[in-house]
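Please find the structures below.
There are two complexes below, and they share subunit A, which is joined by subunit B in the first and by subunit C in the second.
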Partner chain A sequence: MSQIAANKPAPDITGMQEADWQARLDKIASDPRMNEDNTTISAASVRKAAMLMLIIGAVGILVTLIGAVSINFRHALGAFEVGVFTALAISLGSLFWILVFHSLNASWPITLRRQFENIASTIWVPVIMIVIVALIEVTQGGVLLTWLDRSGGYNHLLDVKAPYLNAPFFMVRILIYAMIWIGISHILLKWSRKSDETGDRTLGRKARFLSGAGIPLFALSTAFASFDFLMSLDYRFFSTMWGVYYFASCGLASLSAVAIVATLLRKAGKLDGLVTEEHFHDLGKLIFAFVVFWAYISFSQYFLIWYSNIPEETMWYISRQQHGWQWLFVTMTIGHFALPFLLLIWRKTKRTTMLLCGMGIYLLVMVVLDMVWIIRPMVYLNTTATDPGLAGIWLDIAGVVGVLGIFGGVVALKIPKSPLLPLKDPMLHECLHHKNYV
Partner chain B sequence: MSDTHPDQTIALQASGIASVQPVARRQPIIPGTKDDGTLSEDPTLRAPLVLGDRSFSEVTDIVCGYAEAPMPKIWLTAFTIAASVAGIANVMILYLIITGVGVWGLNNQVDWAWDITNFVFWIGIGHAGTLISAILCLLKQNWRTAVNRAAEAMTIFAVICAGIFPGIHVGRAWMAWFLAPVPNSNGIWPNFRSPLLWDVFAVSTYATVSLLFWYMGMIPDVATLRDRATLRLHKGVSRGFKMPMPLGDGLALGFMPKPDQIRVLAYGVMALGWRFSSRHWHRYEKAYLMLAGISTPLVLSVHSIVSFDFATSVIPGWHTTIFPPYFVAGAVFGGFAMVLWLLIPLRLFLPNFSDLLTLRHLENMSKIILLTGTMVGFAYSMEFFMAWYGANEYEFAVFANNRVNPAKAPYWWAYWTMIICNVGFPQVFWFRKMRQNPLVIWIVASAVTVGMWFERFVIIVTSIHRAFLPGEWHMFFPTWVDILTFVGSCGIFMTLFLLFLKFLPIFALSELKIVMPQSHTDDHH
Partner chain C sequence: MDMKSIMNDAKSQGSIYFPMFFPKPAPKFVSESGNAVYGIVAEFSETPKVFRAAKKVRDAGYSKWDVHTPFPIHDMEEAMGIKTTKLPLMAGGAAIVGVGIAILLQWGTTDWLYPTLVQGKPFDAWQPFVPIMFELGILLTAFMCIFGMLALNGLPRFHHPLFSHERFYRVGNDRFFIAIEAIDPNFDPIKTKKLLEEAGGTDITLIEDVD
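Entry: the complex of A and B
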């Protein structure tokens, strides 16, 4: 008896017996949906798409670089950052969802979880990019982050904020964020892949444990990263909501991205019967929830600042509403909230693969516009340079497409490296029979 | 039993003459552990939500038994105390109305203090009910079935307590109808641009929808109580009316109608003609889902608008953009603490209660306490960081000089009570053993309830007790009327909750049965 106890990893006395667990694994393995053709995708079949995205990305980056030299360096950096923070939002949000799924022991998203894991562990791409941005900012003495430029002499605000807003601490913080994000996402992917091979169900418990601890780390790192790069674009501005505001985009962007990836996999004839309309329905509900959450957060932030009308806060909105960016304000109100709200409340949108994929693409564009709203108005504020008009728009597009192309290409290359779902997840049997009933 | 007719057996069981509660637990706590069979951390399994290997009819007997059999003696003691305390509240409110708000400790500087603190405290408590019944329903969290009914009831009672304070704090209570935009011959309207008016709308909408949700959910269960009483009357096993008071306990009062006759009438009216037909159930499910959908934005909107009362102002300490989600998280936090605080003792006093509210339920709710407590802690740290980062000396002074620093802040004890209770205490729930110990959970829940009251006190009083000119600095000291009104509101809350325990189905029967293993015979596993 003691020998058996020593050999088997039975977690506790009321837990499942090893034999039962093996029987369940066998049953799942014999499920016709779980055949290898359905659960894996060959590297060859994604290579073409991945290469296309990488080439588009490289061209985009090249155009941005040309724009940096020929049009305006600040503008090119701003366009690049719009892309970087969209890509970061996608991968950070995916990390968030993995943490949530594990902590809640959620079973419905298991067949989708590997895609979240693939996207989250590609976070090194935007992380390298923000390191590049930070190095450019620090070495150039502040391009968009004007607080890095202390040549102006006495500045009360910058003097007060100097213990936080200074180059060395800024770089240290980025290092900490990078360690948290890359560390957690890689460990979780590693365990998930390992359980595919070993069927070790204790890994599920370990993942839950790490996820619980990871949530506060995620919250703080995401909030402060958004302060460092986005809020401090105008060092005078401050908003306690800011971290939550960026987080809302993270949650939404990642769900949209996964809806797209899952649809593409389904179109490639994979995950048939494993990612069904029921899973899309739930994914769609979460997308809907985050459309509303984003609106709630951004409205609250806007409304409280507008109502109180204190100059030190309203200048952030004034610089966006009175300098040719009014159209974006209207576009965001309707396009980022009202329209997707009405479309997603419809059951069919959530349950139809292509429709939800379309919503995903559309909402990613909206997240990009949200980043444009945050970053782009700062480029020509308080400078003598003028916006180059149409050429500037092409530069913006090039920056975003460049970053997202490379990010998407790397994700695509990652997808074939492991099965398309966690094959031996402890709760997979529930996911395979997932129904919404309503 | 074998020589009795089956109907007779059921009637006897249902009557409270035979043992109403199926006493024997067929699945006792696992020997040598404190595990009741729900605490497995094995990720391959879901914990059972109803213990004791119960049949459907046993669950019905257990839940209906609470409303049919006499309550344990302690209920009467608790009710006597709570009702007396509630009486104090009525006296205090009457005293306030006939004398004026001067009986409170308010002064020219601190013109909101315990009144609004109590209002926000109570309205926050209510949020757990809506979260459990609406959001957890949409998220398909099955474990909510053990607590949703009691939490929804608690929501209603908390909103009632909350509703008292805005009405009486305006001074001339007979003008309280001015809170609502009622056409009047003077052409005087409330300010539609004021968050205080939105608050009236938000809270009254919330009260209405919560009440509907609670009541609608209860209809089938009330119909069960009605039918059981009818059955007992038909079978002639109904008890006569007996004196329930400590004095003359058990004295038969022949002239009174039988309790079952009153039940048939009262529950019959409440059940709205419910006949358990599948068509009824179909509509019930639809309506439930719709109300869940309607309630979900309310969970967010009510406390967001309450937070607007403060955050739309330009007062340092009040004006900060994170207030809406921070208030919502705090409300859910405080609400769950109250749910746990109320329900954990019932595991001791009510028979079989711990089979329906298992240790796993408590653990799940502890996790929500940990999560929301940490969210509140996140908001505190954001506020503090931005107060410094914003480089507005007045904003920072509210934190440093009015709240945090014991050398400068007269209310430092309130701030630190808040931090320790709200951020400190819940951190014990990182440890599994602590989440699974009802006593520890109950202590943390008590601390959180205290902490959440202090949070509102800190936000309100420490921000306004010192204005921009030192000549305007005043402390707030509560009077005995302040204190007794608050204590009395707790009495009102407890009285209503105890009445709910005695007279209404405190578990949602149909939902409880859906999560029992017998309902899942079609499962492939």
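Entry: the complex of A and C
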């Protein structure tokens, strides 16, 4: 016994000997699919697309600013927020998936994980935007967040809710969320990039430890951020399912975005044999699951409120079903659940790269419409201004395209900065032979 | 997949559960002792051997045959040329039937046949119907998954002719077997035996189907 211990050094925290680990790394490095041309993309090849997206984004933001001055300030801010919370959902969902992949030691998504990391660590773009939104709200004394406006005299409900709904605490909370989201996503990206260079196998274990702590932090910060910005658009309304409702959009939007990014990389001739139809199949399964999860959560929220019929809850739905927004209710039921459910249930949809990419684009549009459903009906509620009609629709489109264009451009600039997959991940050898059995 | 082959499948599955209703057809091959022949079984000692042999049997065009192993072997379904199961379509049909029953049951009773006022809600409100539609859809789908699976693979059954082969019991321990059935249109006692011999099988035995 003591002889064996003397011959072999004790394994480190990963339970592996240095020699075994080197043998595994050599085997991965000798794989013909792991050549440098396949695993990296040059900055020059994405610059054109990134610049195009950034220019479209800048034009969109400019049009939104013009709309804020010439049409309606509330409306422009609402359109901007629809885009911001879609972009935030994409990067928050990516952060969630990285945390889940690390903590479950998942091997199949490793070749896709770098794209999740790129999108998650771009979270500073929507975070800066929500800080801008919060500063506008606080300095203007409540534009869409009417609870910031206390000039209306005595309001018992607001007095009771004041310990939570007040401007200083609101700003402090946003700073806490920003620190959690930016901190975790950047540390995980940093470790992932570091393991590419050093091949340090303990980094995976450290990432798993951080993910375990990160999941509750993520859950609380996401839920409370959605309370602060989306649920408190009507300070009288409350729903205990609200955090999960926004999280369902996060999970769906990020998977859709990664399906699009992975398809574009495959079309550029990268990741050949590394991201195969087997990985798309699993991605499609998760997208399908989150389509159903979103429907389950949003129906459960609607169903309980409809059944109990309590005025302070039902008015949230009444203001959306009686003011010209009925079409959106039907569109969401069919377009966000029934149609993608029937399309994604087929094995072929999930395994065909282009079909899944198409579903990703379609579902991102549906997530945008979900945010429109949450935010836009509140803009003209209880105001004397009237909806400008067609000009308002153009303003909505400009706000969403502006934010998503800038977000997409920053993500595109980030992708070539590191290899397209974690080159020396401890579980990569399993991912290279991933297969779905019938 | 034409109507005739579906009927044939249903007949062969039905004869497992209800042998009294399905008179046995005259056997194609009869052994020296006068019993009907079930098929030929060959024994293999290693996983790669049985894997390569399965590919050979597949390429020879057999359809009524099976590989028996002590543990699951990855990619075996490809090596055997097994096609995708019909079960998902059957389960999908069951889901539609379940949702349809739920709609008829609720809308028919509380709105059409005997309008019932519950909590002052409209008669034809669709919202309270959704959980039942969901549950009945799930229930019938789960039933179809379990019972459809059993019907397709012919389980449970009281007896299988392979159990008359003493060496076959090692399939639970350390041996791999390929069994080709006599009802296969390509089955030929001499050619099939030769194929299994060439594929590396040992202890190739003719199995009788004794009632």
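One rule holds for everything that comes next: the second predicted complex is superposed on the first by the 424 of 438 C-alpha atoms of A that agree within 3 Å, B and C clash if a C-alpha of one lies under 4 Å from a C-alpha of the other, contacts with A are read in each partner's own complex, and residues count from 1 in each chain.
As a convention for this text, a residue touches a chain if its C-beta (ideal position, glycine included) is under 8 Å from a C-beta of that chain, and two chains touch if they have at least 3 such contacts.
Computed from a predicted model, the values in this text were never measured in an experiment.
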Looking at A:238, would you say it contacts subunit B, subunit C, both, or neither? Reply first, second, both or neither. first
Who touches more of subunit A, subunit B or subunit C? B
Taking the superposition on A as described, I'd like to know which of subunit B and subunit C A:204 touches: first, second, both or neither. first
Quick check for you: in the superposed arrangement, does A:73 touch first (subunit B), second (subunit C), both or neither? neither
According to the stated criteria, A:307 is in contact with first (subunit B), second (subunit C), both, or neither; which is it? both
Taking the two structures together, which residues of subunit A meet both subunit B and subunit C? 303, 307, 309, 438
Subunit A partner contacts - residues on subunit B that touch it in the complex: 30, 33, 35, 37, 39-45, 138, 285, 289, 297, 300, 304, 308, 311-314, 319-325, 371, 374, 378-379, 382-383, 386, 389-392, 430, 523-525
In the complex of these two chains, what residues of subunit C are touching subunit A? 74-75, 77, 82, 84-85, 92, 119, 127-128, 130-131
The residues of subunit A that touch subunit C in their complex are 299, 302-303, 306-307, 309, 345, 347, 435, 437-438
Once bound in the complex, which stretches of subunit A touch subunit B? 10-16, 21, 24, 105, 156-157, 160-161, 164, 201-202, 204-205, 208, 212, 215-216, 219-220, 223, 227, 238-244, 285, 292, 296-297, 300-301, 303-305, 307-310, 312, 426-427, 429, 433, 438
